[in-house]
Each structure stands twice: as structure tokens, then as C-alpha cells.
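Each of the two complexes below includes subunit A, the first together with subunit B, the second together with subunit C.
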Partner chain A sequence: MSDFRLEVVPASPRTDVVRVHGHLDARSATTLLSQCRMVAQEGKHLVLNLAGVAFISSSGIGALLALVEEHNQTPYQVRLTEVSPAADSVIRLLNLDQILAIDATEEASRQAVEAA
Partner chain B sequence: MSEPLRRIPADEPAPESGSGSDPGLAARREHSLRSLLELSRELKVSLDLYETADLLLFNLMGQFGTARSAMWLFTGDKGARSVMVRCHGFKPQAVSAVTDICADAVRRRLAREPSPMLSWALKPDLGTAEFELIRQVGIALFAPLSAHGELLGLLALGARVNGTSYTDDNLQTLETALGMVGMSLQNTRLYNRLFENNRQLRLSHDRLLEHTRLKSEFLSNVNHELRTPLAVIIGTLECIVDHRSTDEDLKGLVQGGLKKSHDLRGMIENLLILADATEGRLEVQIEAGTLGPVLEAFHAERLAGVSETLREFRFEPGGDLPGARFDRKRLLQILNELVDNAVKFTPSGARLVLRTSRLEENDRRWVGIEVSDNGPGIPADRLENLFRSFEQVDGSSTRRVGGLGVGLAFARQLAERMNGELRVRSDVGAGSTFTLLLPAA
Partner chain C sequence: MSRDVEPNAPAGPVAPGDPKAVSPTKSRPVLSIRWIVTAAAVVLTAAPVLTVGFVSERNSRAALGREVETRLLLGARSLATASSGILLGEVPELLLHPVVRTMQDEQAELAFAVVTDHAGLIQGHADARLLGSRFTPPTELRPVDHSRGLKPGESLRSNGKLLVAEAPVRQADGRVIGTALIGLEQSYLEATIAASRRQQATVLAVLVLLGVFGAFLSMSLLLRPVDSLRAGLERIGRGDLETPIRVHDRTELGLLADSMNDVARRLKQAQQEMLEHERLAHEVGLARQIQTSLLPAGPLESGSIAIRGLQRAAAEVGGDYYDILPLADGRVAITIADVSGKGLAGCLVMAMLSALLRALRHLHDSPSALLGALDEQLAQSLQPGVFVTMFYAVVDPTTGRLTFASAGHNPTLIYRHAAGGVEGCATSGIPLGATRRGQIRRTLRDQTIQLDPGDVLVQYTDGYTEAFGKRNDELFGLERLQQVVAQHGGEGDQAVIGALRQALGAWTGGAPPSDDETLLVLSRVGSVAADEAIPATSKDNRPTVDGDGARAAMQRLAEAERRGQCLRLQADLDSVTKVLEWMKGVPLLADLSHPEAEQLSTALYEVCANIAEHGCGNDGQRGFELWWLPPAVAEPTSQLERAALVREGMFVIRDDGAPFRPDSWKATDFSDQSLWKRGRGIGLDIIHRAMNQVIYQPATPRGNITSLTFGPRTAVQESGAMS
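Right after this comes the complex of A and B.
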């Protein structure tokens, strides 16, 4: 978790963007989940920007899946955006690109979650 | 494990291909291997049961592409109770129902056949309603957590989100991962037990030293204040006995009085020992200081012992705090009392949280330290009684958990001696929060 960092940016009154930087692994997975749960608790949709993810491990993927599943049990939407090549290759390897909602830009994700 | 892995029958969905012609197979196997390496590396540094549970569950979810997982550990006599320690993706209420209704039957089956097992294979061990519950909750497989032949807990995974079934390769990988985690859990629990025992020994040692010091000081006072007059009485009576021995009646009376005086001295000494044990001498040395490092060290010291009782214990520092005025030793006594109390009166699986906050009230600035739990809570009409000596919530609890019921009264006295306050709020069924308020520096 040496260079792991989260940046929370309000995209609109109804949506927050969480930008993930560094290694998303066993050490950082719980931090990511805690931060993202707070977004739903504040009654907002979530856009998760993975452009800064340099490495994603199984635990990181597990945390993403748990996050999406937890959001599915709330009225709020979650989408991934600007997925880095490092994260994209693992997501595709596990055929999760068919399951996870992924967009090219933060704005596209914001529009999608607010339209849902 | 000598048991063969369960095969997926023909009427189940077809597994992923395991043939060498699959171009992604090598990459997925490499992914599995990297996942196991990550798990192995992280287990080396984890000494918290709940952290270990998260490590395992997230790792497996990422490996197999499932969004749901849960883990139970066994506790009580011969591991008779199943306690759910972590749950991701499943609805918590649904997993609680599985804990109450199905966990025993699943545990018995996994004790006989300690290998990962797809849910359908448990059908013969479960009633129709129980099997239907597992299906509705979405549990695709159960797996045992064991070490040295002892079943420590069990794990459930949901269906894979890409729609494929778990393959034999997956189950073998899972078995390998669980083997590592079982050993790690066993080591963690042994370490935690040892750590907690050492802490208890150190505390006992400190208490004994303190009692010895207080007893010496107190006995010195007793000698001066009480024994001196008694010594005078005894000496006088002895003189009467020695010099008026011809008056037999008088001598008899005086001898009786002398004996009673000795008895009285013995009784007073016993009473004073009791007072010494229950009253305590509350010296405080208040200094301005920073609470964060003190609380962090306290949490680190208590974490192993609390985890060992299968209660989660988290520290949530509340951002920038002002300094506070407190006596470090007395503060730790209060916190130990509150954490011990929370452990005593919550069931296994409960969550304890230590957190800090800042507060302004009646023109005074306070630093708050909360110890909260999600236990059974305390009825409103019993809350204030908690702080009276020898009071506990009810008689049956007294018998179940033991103790004189003086701990919280003692903690409140200590808080007041530090010019602070100790408060409680509680919701029956939701939990209790004890808040220690210390003056901001």
C-alpha cells in the first residue's frame, strides 16, 4: 500500500467521484470499501475512477465486486471509469468486463448513474 | 486432505473448460498463483482475526469472481457455537438466518468430509426449508477452515458473477488457500491468547504491587489510629489481671474483657483488609497531553485479547483533537474497565469501537473517548444504577459473568477525579456507548 491514495471529488450534488491511485491490493482494499461506503451513506451515486491504478490484485478485484454488490442493495448506482491498462487486463482476464459497468470518462459515468 | 473433491453432476451447469486449448487458461492459472502468493504474504503480517477474514474473503472473491462471501468461526465448548465474523455482498440478515438455521448441519458434514463442497451436495444433510434458504441466500459453496485436524470455522462463497460454475481447479485452489489460512488462524488465535494472558499477568502483577503498597500504608495508619488505643486498653487490663489476682470475680470479668478486646482487634483488622480491597486509593497526577498515541497504544494492546473472544475491536480516531488534561495511568484503568465491561456483556461476534471526538458544552471544551458496542443494550431505567457499587443490570447477568459490580462505579470515580465525566447511552437491541469526557487542555 506504499503509494495507495484516494481522492474524493464531488461531480455533482448527487454524485461523488472517487479517484484511486497506486496499488489496489489486500492492504488497501478495506480502505477503498470504507471510503466508498461513506459515499452511499451520504446518499450519493459513486463513480470510481481507476485511471491511477498501477496494480490490482485478487483482493482488489474482490473489493470492487463487494462494493458493486453492496451498492446494488441500495438506491444508489456505482460505475467504473477510465480503467487503467493494469486494472483492465485483470478485469478482462476474469471476464468481469461483461458484468461491471465501465465507462470511458467520468462525465459519461456521472450521466449514466444519474439517469438510472 | 485425503478426501476427493466433489464433482459437479451432469444436471448442474457446465464448468469452465479445463483443456489445454483454452488460450486464457494459462493466464488464469497464473492469476490464481499470484493470488495465493498475495494471500501467503499478507497472512505473515496479520495478527487480527477480522483482518485475516477480510484478507481471505477479498482474495477468494477476486480469484473466483464472486461478489459474495462470508466466514464463520466456531467458539464455546468444543466449538459448539458458530459466530459469523465477516460477510461481504450477502445480506447480513440472510447470513444471520443461515447461522441460526443451517450452520450446525453444514459443520457436521464438513467435519466428516473436510473439503470444499458445492451447496447442492449438502442437500442430504439439510431439510428442504434449510436447503431452500441456502439457495435463496445465494451460497454456491461451503468450505471448512481447519488446522491440525480441528475444524475452526467455515466459509461460504456466492455464485460467480460471470455465470460459470466452480471448477475442480477452483476447488483445489480454494483448498490450498484454506489450508494456509487455517494454519494462520490457529497461529493467530494462539498468539492472541498468549498475548492476552501475558497482559493479564502484567496487570495482576501491577495490581499486586499496588495492593501491597496500599496495604503497607494502610496498616501503618491502622497501627497508629486504631491499634494504639487498643494496645492501651489491653495493657491496662493486663495490669489489672496481674495485680488484683485475689479478687476472683473481678479477674474473671477482666479476663473476659481482655479476650473480647483481642477479638475486637482481630475483627477490625479483617474489616480494614476488606476496605483496603474495595475502596481503593485514588491518587491522580493530571498533566496536559495528547490522547491519540495513548489510545492507539491501548487499542494495540487490547486488540489481541478482544479478538480472541471473537469480538471485533476497532479504533476510529476522530480527526484533529485538542490536547487533554488527564492522568495516563487512571485513563487506562477506565478504558480497560469499559472494554472489559463491553466484552463481558456482549455476545461473541459483537463489534466494539473505540473512537474520539471533540465537544463543547456549557462553555467548556471536552475531548470525548467513546467505547461503544452493538450488544444487547441496557434498559433505560437501569442506566444510572450501572454506576453504583455492586450493581449490575440484573442478577442473572451477575451470575453469568461474575464480578462484584464495582468496576463502572470505580471508573466514574476516576473520571471525576480527573475533572471529567463518564456517561452512558444505550438502545436495547442496538448497543451501548460509554463516553469519557476529559477537559481539553
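Right after this comes the complex of A and C.
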């Protein structure tokens, strides 16, 4: 069982970065959704840092898609950043890299969500 | 600044009696009260004595001076009177000499005594050799203020060293015929005063010694309880709150000891209350763990249905319960219940209910019969006044046919996709344990409904309907619940759950729940066309066996068992993650490049997770096997060759779970964002995009056999056709 952990870092007054560590699977996806919904409820943009993701399952991908879709219903943006090789291979397998907003650095994501 | 979502171990409070709680005592110089009071007593004793002595000395000196002057003057007068008759005689010097000598002998303090005649010649003196000579009085004599007692012709004079009294010697007619003079050494006066001072000093010393001794003795007696108080405080500091401070004293120190004993008693009481509180908190935590462990680990997707539950626990342990239970015939049972009352008792009833349900579910096909049996068993254990409302349903994942019964639980809400509205299904059953003589059976009845694709069934506990509003005491209520389900039912089960959570959070203002908030949502997914695409099934709803396919699958399994490598897994998600590590130790698989290895391991994980979840209901007691069957070729020489050979090998999975269709896949169009919220089917996308062949053969004599080969799919295959 992986040590799943979330780290919430306020990047600016308008944006929170959620850093994901460990396995993003069916169990941890629920925690991720809850935490990220709290960010949206606080009225902030969300940057998801996936650098620490050692494994991502379909539930994890589903959680990412659900988050993006939920944020699309709000004035707040969500972007992915620093996607780990493990997560990147699955995202590319599903061709989601053409759909999801992915940046190389947290700062680039922050600027993008705040400029939108 | 960042905050970690994972709970950190709280820093525990220092327990009473813990040595860490006692701050180290620093040694520092101590001023003894005994010595302070004794020194004060000395000062207070000596000061008045010295003051009195000083004043007394002044007065004594004045009085003594006057007395000496008077005595000297009287002596001079007396000598003059005695000399009056003698001085007129023939040889006055012969008579006066013994008189003066006797006077000086008797009064040793006299410096001299002399009688002179009218011519100033000495007629009386203790030294006979001076008789007849002229008397020379001491020089620099000045009158002394003694005027009140002087008679005419008398004088009293002093030069600082001598005090001289002079009295005239008169005849009877008053004529002066000589003078009597007496001198006294001033040192006599000083010696007399010094003697008096010595006496005073002796008295003072005695008084001071007595004061010191008395003060020390009395302070020792008075302060004796201080030692007991200090020892008692040190005991309390070490955590000993049992031994009282014994001070039998009627002074304020006795009252202080009583107060300290009272403080120790209150501390002990508070300590016991804190320990009791910690024990209760620990027990509540355990109860919460038990409660959580009884809930399903995650959602269940089986056939055309998806079932999700969600519970947001109140601070106090509540009695809400829900469960998702696969049945042996492939159907799935769902239940939700609410035990009246909270706390440990409610948690225990919930645990009992869960155990009974798991034991009885296979014995009763009818939900109402099962609820009746649960009532019968629970009624023996429930305290009067404790009851359980419960909804229980059995759903066929293939057909969407659902039969349910409710024992006094909240009405079931069903979102009908075709009509775009919500139906409420209420039943007349009374709660479990509400009566004791099996009367419940007459009130329970089964109801059967058909869930069509897109329909969503919602069940809940009163934590939702009875949540108080933030701004008023109004309840959230069934009507609002229905509205939310009606608005979001068309977006799928996850959307309904999310919307209900959001609506309730907005209603309560994000306040912590006062009661458990539990949701159970069942949705039928897919389209009518997809339903029709499901292969024909046998009578017991299991897919029919394709004879050639089964034989081929069993041959592959036998080959894998002969020369392959096996990973045995339990049907739970924790065990399934072993696939990721296993691959790193298998020859050929370990040689794959990074993206390929990640995609293959994720795809295998998804297949195994689907078998564990949908085939075996996440029942960790059940297991299945994953085999790697490498190609039968000569030993490869390079890493490239080894990686290429992975595509020629095969993965074979054998399980005994309920059949499901990992091979029935239609590529998800991710550009349609309306599908994103549903989050379903992505596992099959991963499997089929990473594997170029997926062959599923259910219900062979060896169980269900899934065969997969790794590699990119062709364009034709990606369009949805099965290999």
C-alpha cells in the first residue's frame, strides 16, 4: 500500500497548489477530489502538481477529469503541472495530453490560471 | 507555507504524574525566616534599650553632676562651719589639720581640702608641711551654674579637671575670717558615669541575648509546619496526590495546609477526569474505526450498474450503516440503515446488524423476509426504545431489476432518465426492533422496480433530511433532496453525490454534521443499445460458455502453469498493487522501457482491480492468479530483443468471481467533456489501449480465464472491434 499524501501549498492569494504523492487509485482519488473541491469552495484556482505520483489508475484519471469538468462549471481554473513519468505514460496512452492543460512548472501553471 | 492533509500524530498532553510535567527545581540561596526574624528581634530589642540608655545616661550625668556639686558645696560649708571656732584659736592649724585630713581620708574622691585665714594663709590641710603657706588656687577656674544653692560668699567653679567649692568661714557676727575650699577631680564624675554605662551595657547584652534566644525559639516553633508544607508541595510536584499534608496548626499555616490538601484533591479529581476523557476518546476512536471498517471499501460496478456510498461521520460515533454485498448468484445486495441513538451503543448495534446481515443474506431471497429475520434476531438484543430503520434491496446487474423492502426507512428516490423526474417510493414497514412479537412481518413487503439505463436510485439517512440550516432552524428536508436529485440525476451517480454534498454544505454553512450523513446511490449505466449487445445468458444469468473458446483458454492456462511465472493475488485493492512490484522481477518484463512498463503495469493493474472489485466484490478472502507466459523462443541476446519478445508473450488470469465483461469495450471519446464527470470505463480504455488483444472466457471448468497480449492496437481495433 502506497503512502498517499496531499500537500496543499498556497501559491498566491488566488491559487492553491495541491501536490500529490504516492499511488493515485480508487481510494486516494476520493481524498484528492474532496481536497480539491475545498480549494474550489474557497474560491481559488487549482494547480495539481503530479510530480510525486508513483502510479495512477483509471480511478485517478477519472478523478482528474471530474475535477476539470467541475471547475469548468465555475470561474476557477485547474491545470496540471510537473506530471511524473508514471502519470504521464497513462495520460498519453489515453491521449489526454491533448485535452488536459499541462504545464512544466508550478509557476507556469499559476500564471496561466490567473491570466485566464 | 504548506499544510499536510495527512493527519499528523498529535502531540499528546503530558500526563499527570509524568516526570516531564515537573519543572526542575533550581537550587538558589535561601534566606531563613528564623534568622530574619531573629535579626529583626535583635534590632527591635537593642534600639529601644540603646535609646533609653542614651537618654538615661544624659539624665544620670546631669543628676549626678548636680549631686556631686551639692555634696561638694555642703562639704565646703561644713568645713567652713567646723573651722569657724577653730580659726579664732591660738593654733588653729593644729586643730584644722586633723579635721581636713580626716575629711580627705573619708572622701578619697576629693583632690584637696583646705582652710585659709583671712590673709589667704593655709590653716587647715591634710599635708602639714603646707600649713602657714599661701594657698594658690587652681588656675582658670570658671564659675559653675549652681547659683540657686549658693549663699553669699560661696562659689562653685571648675576648670575642666577640678571642681572647686568655696565657702566663707564666718564668725558669729557674720564677719568673714577665712575660707574653706574643697576640690574634686572631674574624673570622679566620669568614672561614676562609666560605671553606670557598664551596668547598662550588661543589661542590654542580657536583654539582646534573651531576645535572640526567644525569637529563635518562637520562630522555630511557629515555622515548624513550613517543613511539612514544603515536603507536601514536593510530593504534589512529583505527582503524589494521595498523601495529604499533615499540619496540626491553628495559625495561618494550618489554613494553608488545608488549602493545599484541597488543591491536591481537586488536581487528583481533574487528573482522573482527564484520564477518563482520554479513555472515552480512545474508545470512541476505536468505535469509529470499527464503524468505518464495516463500510464498503469503495464503489462497485457490476454489469450495467454502479453503486456508490458515501458517509460523512458526525463528531460523535453515530449509528448509520450502508453496505454493498455481492450475492452468490451474481446479483448485488445494497442496504442502508440508521440505528436510533448515537455513541458506542449505536455503533455496537450497527456492528451486530452488519454481522447478522452477512450471515443471513444468503438464506433469504426476499428482502422483506431478510428484514423480518433481522428483526427476529435483533429484537433479542436491542434495549427497549432502540430501533433500526433499514432499506434492503437486491439488484440484478444485468437486467436492472431491483427488489427492495424498507423497515421504516426514508422514502427511496429514483431519478427516471426517460421522464427526467424523480419518483419517491415509500413503504409501510415499521423499524426493526420497534415491536417484540414479530409484528413487523405483517408490515413488510417486497417491491420490485425496473431500473432503465440512466436511472439513478438514491437512498439516504436523516443526517441529510434533518440537517439544520445555517441561518435558521429549518431542516434541509426531503423536498430539497428531491430537487437536487432531479436537477443532477441526468449527469450520473457521481454528479448526484457531489451535488447533494454541495447543497447540504451550503445549507448548513459548512458546519460539522451533528448526525452521520450517509448516501447510497445506485445507477444503471450504458445505453439501451449496449444492453442489447450483452451476450445471451444462461438461466442463472451467467454468460453461456463458448466451447472452442473455453478449450483454447484452458490450454493457454495449462501452458502458463507449465512454464510461466505466477502472481497469486487476493481480491482487494491493496493486494492488486503487488502487480506493480511483481513486474519488476519478471525477466523480459523488467526490460521494458519506462513508458511501456508503466502502461503495461497500469493495464494489468486495471484488469486485476476489475476482477477483484466486480468479479469478487473486493472480498479479500477470495483470490485469483496472474500468469506471465513468455514466448517459447531461444534466449534473446540484447535488451531490444528481450523487450520485443514481451509482445509475443501472453498474460493469463484465472479467477472464480462473478462474470463481467472486460472484453466489451467501446473507446471513450474524451473530447466529450460531458462524460468526464462519470469517470467510468476509463479502466477498460487503459486495458484496451495498452493491450492489443483481450480475450475473456468466462465460466470455463477452470473458472473465468482472461488472456492478454501487450502492444499497440491497430486502428481497426481502436474503433471498438474486439480481437
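The rule is short, and it goes like this: the second predicted complex is superposed on the first by the 114 of 116 C-alpha atoms of A that agree within 3 Å, B and C clash if a C-alpha of one lies under 4 Å from a C-alpha of the other, contacts with A are read in each partner's own complex, and residues count from 1 in each chain.
What we mean here is this: a contact is a pair of C-beta atoms (placed from the backbone, for glycine too) under 8 Å apart; a residue touches a chain by one contact, two chains touch by 3 or more.
Quick caveat: nothing in here was measured; it's all calculated off a predicted structure.
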| item | value |
| --- | --- |
| Side-by-side fit of subunit B and subunit C on subunit A, or clash | clash |
| Touched partner set for A:L94, first subunit B, second subunit C, both or neither | both |
| First, second, both or neither for A:Q35, with subunit B first and subunit C second | second |
| Comparing the two partners subunit B and subunit C, which touches a greater set of residues in subunit A | C |
| Which superposed partner A:V9 touches (first subunit B, second subunit C, both, neither) | second |
| Partner chain(s) touched by A:F55 [first = subunit B, second = subunit C, both, neither] | second |
| First, second, both or neither for A:T105, with subunit B first and subunit C second | neither |
| Partner chain in contact with A:A26 - subunit B first, subunit C second, else both or neither | both |
| First (subunit B), second (subunit C), both or neither touched by A:A86 | second |
| A:E69 touches, of subunit B and subunit C: first, second, both or neither? | both |
| Stretch of subunit B penetrating subunit C in the combined three-chain arrangement, among 276-284, 366-374 or 384-392 | 366-374 |
| Shared contact residues on subunit A - subunit B and subunit C | 25-27, 30, 57-59, 61-63, 65-66, 68-70, 90, 93-96, 99 |
| Parts of subunit A lying in touch with subunit C, wherever the complex brings them together | 1-2, 5-10, 23, 25-27, 30-31, 35, 37, 41, 55-59, 61-63, 65-66, 68-70, 72, 85-86, 88-90, 92-96, 99 |
| Residues of subunit C that touch subunit A when the two form their complex | 1-6, 297-299, 494, 498, 505, 573-574, 577, 580, 594-596, 598-599, 601-602, 605-606, 609, 613, 670-671, 673, 676-677, 679-680, 682-683, 685-686, 689-690 |
| Subunit B-facing residues of subunit A, complex | 25-27, 29-30, 57-63, 65-66, 68-70, 73, 90, 93-96, 98-99 |
| Residues of subunit B defined as touching subunit A within the complex | 24, 27-28, 31, 34-35, 38-39, 42, 54-55, 57-63, 65-69, 88-89, 91, 161-162 |
